[in-house]
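These notes open a run of structures that come right after.
Okay, so chain A shows up in both of these, paired with chain B first and chain C after.
This part shows the complex of A and B:
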């Protein structure tokens, strides 16, 4: 390091560029008192140091990341430095009398901003750009009486107009601020991705955290009283519009204050009522008078933030109302998970939750997480391992000895009961963690879910290996009698713990693929291959469930040996398990057949040039296969097949087009037939009684995709026949179908099964 | 055309068929692999390899459509930082709502100036690609395309594709295992460009950009993992995104 460099570094370190500003400076109420002697002009030193640098030379701490470089702002550049914004807020008179229609306009735009914030935009781009809200935001705790709109010094002397601001808009704003605080508090408790899903940053402003919601609610009571007293001063619709808005704000305040922390019926009632009331806002929104002067991005000048000036985010009022309504509805259904009679029912609810068309708000996801697990209790009644055991009994029907209540009291370390309990405890704890995580990641946004699943399947894979060892020991401890394999060549044991783990691992691997389609990660030229893999995993699911099912009867018999009563109960439980396993196999078969039809169809379409592969001069197909299958490469079973095999399986080079299309047609017809049967089943058979609507929608979208794919197959059969390409195999049909194009349609279909619209073009 | 780290703007459709008069003046040089500087202050980046013709870039930009098209592709020349950087910055920031600070440009150009290429027409800068190459998570040597921009009037002529190809070839020459980048999900033209070259979408990144838009991560493997070391192997999520919980990352998760 040269002497010059040393000097530069010294000079820079004396500028304390590396020191983080202390939090105290943000939190203190006013700038710390500094006298002139605290400052030293370093311009000359700085210039002297920088003169030693060549143009373009970089002074860089080794730990300085690109992320930090990108986050850096250039002072005095208007695009980056919010300090250059005109301080419009300084001339704003919040206490100035306003017309009632303006008050409605202000409230409605605030609601839009509140919703935009819920959707993931920063407060600095939404609510905090309101000059009314700005007036009320202290940087230190204040008495509420100190939080005011200030004094009005102008000459507008409308008493009603003045009081509308102070008696109606003012409490509305206070309540809104409190709502934000309650939302942030809730979100901080749970696993929500900051920035990606939601921004809790308040730029050092305190959001009435020092007052209870009930206290703020009293202000709204007073607002309603004031309105009632002055009813005669307003046109009836305007009066109703104002009163509705105060009421709804009060409802929201109580709602956010309650969250899901109450008995189920109370939560449902609270949010259902709110949902109904919000609807009324649309009817009176036409009265609202726009009030553009009450918003300004110049607020960002004052906010302690490291981002450049950003535009105000406005969403249409109708969208805001719809979003809030959906949110209220979503929350009102959450308590159902407490009533569910099996973990599989709850899992179905979670499985569908984030798939909802309107995408639940991050706040709602956080409430679902709270409702699922709070203070170490799952669904208000289980410990995590108990949830696993419940589900294990339901899915695998293990030998009774494994979960015998009497094991709990066994104290002699050498006793079988003690040994079993020890192993089951180990499993409960480890599987519990993974199971818990599965529920939690299902509440994340879909892109995040897929990425998380790519990680969690590795944990499940490891867990499976470990559980197999435990199973092995358990089979000896319980003296399990083996079953013979179908060809009588092998003795098989039930291995319930690893079976349970394997089932969930495969489901997650399926889901990664389904999400690949849903999130548009897979491109049409990859569809054939990726649908093939989806089939691969579904086949693994089905054969694994068949194995599990083979052990239900013997385990039931051994459970029912002792007496009639036990026998009856074991039979009942076994019946339930059978029904569940059958359903899962059937559902797997439907998706498998639809995926098979899609594979055949896409392979033929690729041959005929209807699906075009990009040129791809760099890399190789084999490398792309490695990249695509990366999440699965280290998974033990089902394993990733070698690239050459994969290509053969997908290209089906030596089969002619007619054969493949006939296979596609048959698979599609099977999928449709079985699906129509599944749709008629009682939702409780599908373990979806608490998410019936979601389940039905999923089924109907699957059916639509089946029908759509079926039509595409038929159309293509016609085109291929007409062009005389029926007998052509892979190479000989290359790009030969002229005048036909396809267009992928997603709208209305299942998100993982877009449909090709085959047409002449 | 601009494809930035954050806030990329929309793209016109690049035409993959090269313009007939498009000529490449300079081929990427085989460069010695340079290790990431570790000293807090890096030495000046002296030009590696043989001295090559480097076009002088005229700072005056015109908005008129190109008349003559003798487009040449040249590597960035650190010796001309004072003039070239300004035009690079102007070109990229004209497409972005929020410009990067000068530090971001220097971050790349000072450390990986030899992975930056310029497209020049009659002395004027009309396109640029900026990238880096370093060991990612202690495993793969990963190239990263940070910014790609082509002046509006010149779009649809395969210039962006050519720039990306130059960078890919330079990275191949330096034994890169893989190349990655992010682009906005709505930026169809950019995605097409990269997919046309062999990239695959590996991830969907929800609300990746500050404007609330999502991104795709696009990845191109150049060597199999038993030779190189494709790093992520499920375990590590890139960069900051995995650590994003309540940490308030602001711009983009670049790593």
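This part shows the complex of A and C:
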């Protein structure tokens, strides 16, 4: 290859997105072979010419812009020029004998770095800054024999110290590298946001992808054998510490290589065991000696040569261990989703999954996605449409004719069965995709979740309209008998498909609002309005569920017409559906009442000047309302109400403070009462037997928020009475409550219901 | 990193980005634009890249730059024998850089290839 082509290729490769910019570093083939002869010294000529320039004059390529100049790295600036760093990796002697306490120190810090990487930092700021790891991955090795610590030529001849490095630390590092490779491989398979959640960039280094985990595991077996043979040479605690670390690394290696690709019991056992073992690390960590000399930022000049150097990320050892432990625990519970007896159970699991206080690692979310769907099979047993039909039966109890097995064998295009099947297939396919997507986005980080929901509700809205048409046709095909509306003025049909779609659409709209509070998107002065909207959607949920419930009994009767046995099974199923609908309504009521109490409370606090609106010279309430409601503007039902109407509902201008606070108190008390009832229910009624802990925590956080809001209301009632502002309405009470301040507390409360702490200040 | 904190040597003056009517203030320097330069600096590194821009203070912007530097002292395997040193130089692609004039010790231009090497 000529020099020219070579250079151009090189330039091109550095342009490609996501390309590993480091590939060029330190390879004999990369630099253009330019010899001294080709260069002519122009220093003096250059100096003389530049001296003639005026200040501010530029000599430049006509196409070169100032904008491009900003992207240039400044040489000799310590913050930008990684070339300034002392190249410690060049003189590092990896094979040098080390004390056992130092080996422990190295292993523990490597574990911290591995965890920091899992948490979303780049390898260049974590594991790859280890001089030991760097030594093993200088170029692109293809054989494990090329990955060595090199030779030691110094005069330290401690045999044990030397072998500790070569027989214990070396296999440990190899296994660690392999662990990273397995993690990256898993993450690439599923949908995880690169950079935002996790960085898979390896800077052109191959991480032992050419070796199987089992082979690497054998090296660890040998390490354990070596340790056993030399047990007498170590202090017992040190011996145990070293052995534990090798064992845990082996566990992790096998765990990462297994992921969730095994029968449920095996996965659970593997990860539970790992979790238990990791705990032991904390006990022996005090033996570790600091090993700062084994790390260097300077490695970054080889890794990411076109960006400024970035600091090494060190997280405390205890945090790392805790993170890994929760990760193991999270993974060990994933197989439960395969045993769940209805899609709603699985959905509860997903719903709570990313809400966990320790936020599951991206690797774990990725495993959950794999466990949910692999090779076109969902939960190892359903096709997409089957998942929808299961849930449809469970939630809406549709007429039996719709999902009759016999429809499948109908072949005459004009037969009713065939026609029904055709329509159900259409629905299964379309709803299946949306339903599947809903599960998937619930495994994304919370901010992404909200953003994605804002997009998906549009699809659900369209789906609802289409499903209504299909429902209409199905009602004729099945000769469904209408029910009369409460006032006997209308004939109503069950419309199961669109009912199912509408329910999930509202739930997502609720979730968007709940997340708005959780993610701190809404500011305190918007709370009243946004809680009001939350109520609005919850009311829609409750009345819709009531409608669905009205059709369960008639549909059950028609199902049980043929024989006794069928009647019995239909009754059983109907009971289950009833229980589920009732639970959903009740839960909706609780959240509704709590949101109502919060609305009243926030409205009064705003009137009294306890919640202040920040000065926004270019903003108005109406503009902000438009912004907040943007995702919902095109939604058919429930539709966004006009701003003026909304403002009247929220401000309640003509009600005095005492009335509003009394309303708040009543709503809050109702919420509490019903919540206490819900908490006592069996988790299977809440469809949460596979995520009992998460469900209980959610309930108890809701209860805490109820109590907290209740206290705030009582305190405010006291203050208002004392100031004689009870009878004051909107305008007349403006900012009149002096000496009282509030502070929003989130810790310990439900994430969507922070509690105002009312105090004298 | 904000720009105010770290004024870029090349950003000091507001030259408009769109200047189809660009007239060079120095034909003597303009002839080096787009040529491959080798710039040595005070800490023994040198850079080979294509010159994009320069100013009165001799701040030079190079694109597609490769950095070369001698290895650390005492590292095994390095022999210093006249010209063969170059073979031992460590190099890496660092892309678009600005070399501040105050660190420049030597500027050389690549002769044999001529200007249209990159064209």
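Observations
Convention: the second predicted complex is superposed on the first by the 674 of 761 C-alpha atoms of A that agree within 3 Å, B and C clash if a C-alpha of one lies under 4 Å from a C-alpha of the other, contacts with A are read in each partner's own complex, and residues count from 1 in each chain.
Keep this in mind: a residue touches a chain if its C-beta (ideal position, glycine included) is under 8 Å from a C-beta of that chain, and two chains touch if they have at least 3 such contacts.
Predicted model only: the values in this text are computed from it and were never measured.
Within the superposed three-chain model, A:191 lies in touch with chain B and out of touch with chain C [touch as defined at top].
Contacts of A:245 after superposition: neither chain B nor chain C is touched. Look at A:352: by the touch rule set out above, it reaches neither chain B nor chain C. Of the two partner chains placed by superposition, chain B and chain C are both touched by A:79. In the superposition on chain A, no contact is made by A:430 with either chain B or chain C. When the two structures are aligned on the shared chain, A:50 is found in touch with chain C, with no touch to chain B. Judged by the touch definition given at the top, the superposed model places A:60 against both chain B and chain C. When the two structures are aligned on the shared chain, A:695 is found in touch with neither chain B nor chain C. When the two complexes are overlaid on their common chain A, residue A:519 makes contact with chain B while staying clear of chain C.
On chain A, the surface touched by chain B in one complex and the surface touched by chain C in the other have residues 54-62, 65-67, 69-74, 77, 79, 306, 308 in common. Chain A contributes residues 1, 5, 8-9, 54-62, 65-67, 69-74, 77, 79-80, 119-121, 188, 191-197, 199-201, 306-308, 310, 313, 445-448, 450-451, 454-455, 457-458, 519-523, 526, 614-619, 622-624, 626-628, 630-631, 633-634 to its touches with chain B in the complex.
Considering their complex, residues 4, 7, 10-11, 14, 21-22, 24-26, 30-32, 34-36, 38-43, 45-62, 64-77, 79, 83-84, 86-87, 90-91, 153, 301-302, 305-306, 308 of chain A touch chain C. Across the interface of their complex, chain A is touched by residues 1, 3, 6, 8-15, 17, 19-20, 22, 24-26, 28-30, 32-34, 38, 41-43, 45, 47-48, 51-58, 61, 64, 66-69, 71-72, 74-76, 83, 86, 89-101, 103, 106-113, 117 of chain C.
Those residues of chain B that touch chain A in the complex are listed here as 5-6, 16, 37-42, 44-45, 78, 81-82, 85, 93, 97-104, 106-107, 109-111, 132, 165, 168, 172, 185, 192, 195-208, 210, 212, 214, 216, 219-225, 230, 232-235, 237, 239-241, 244-255.
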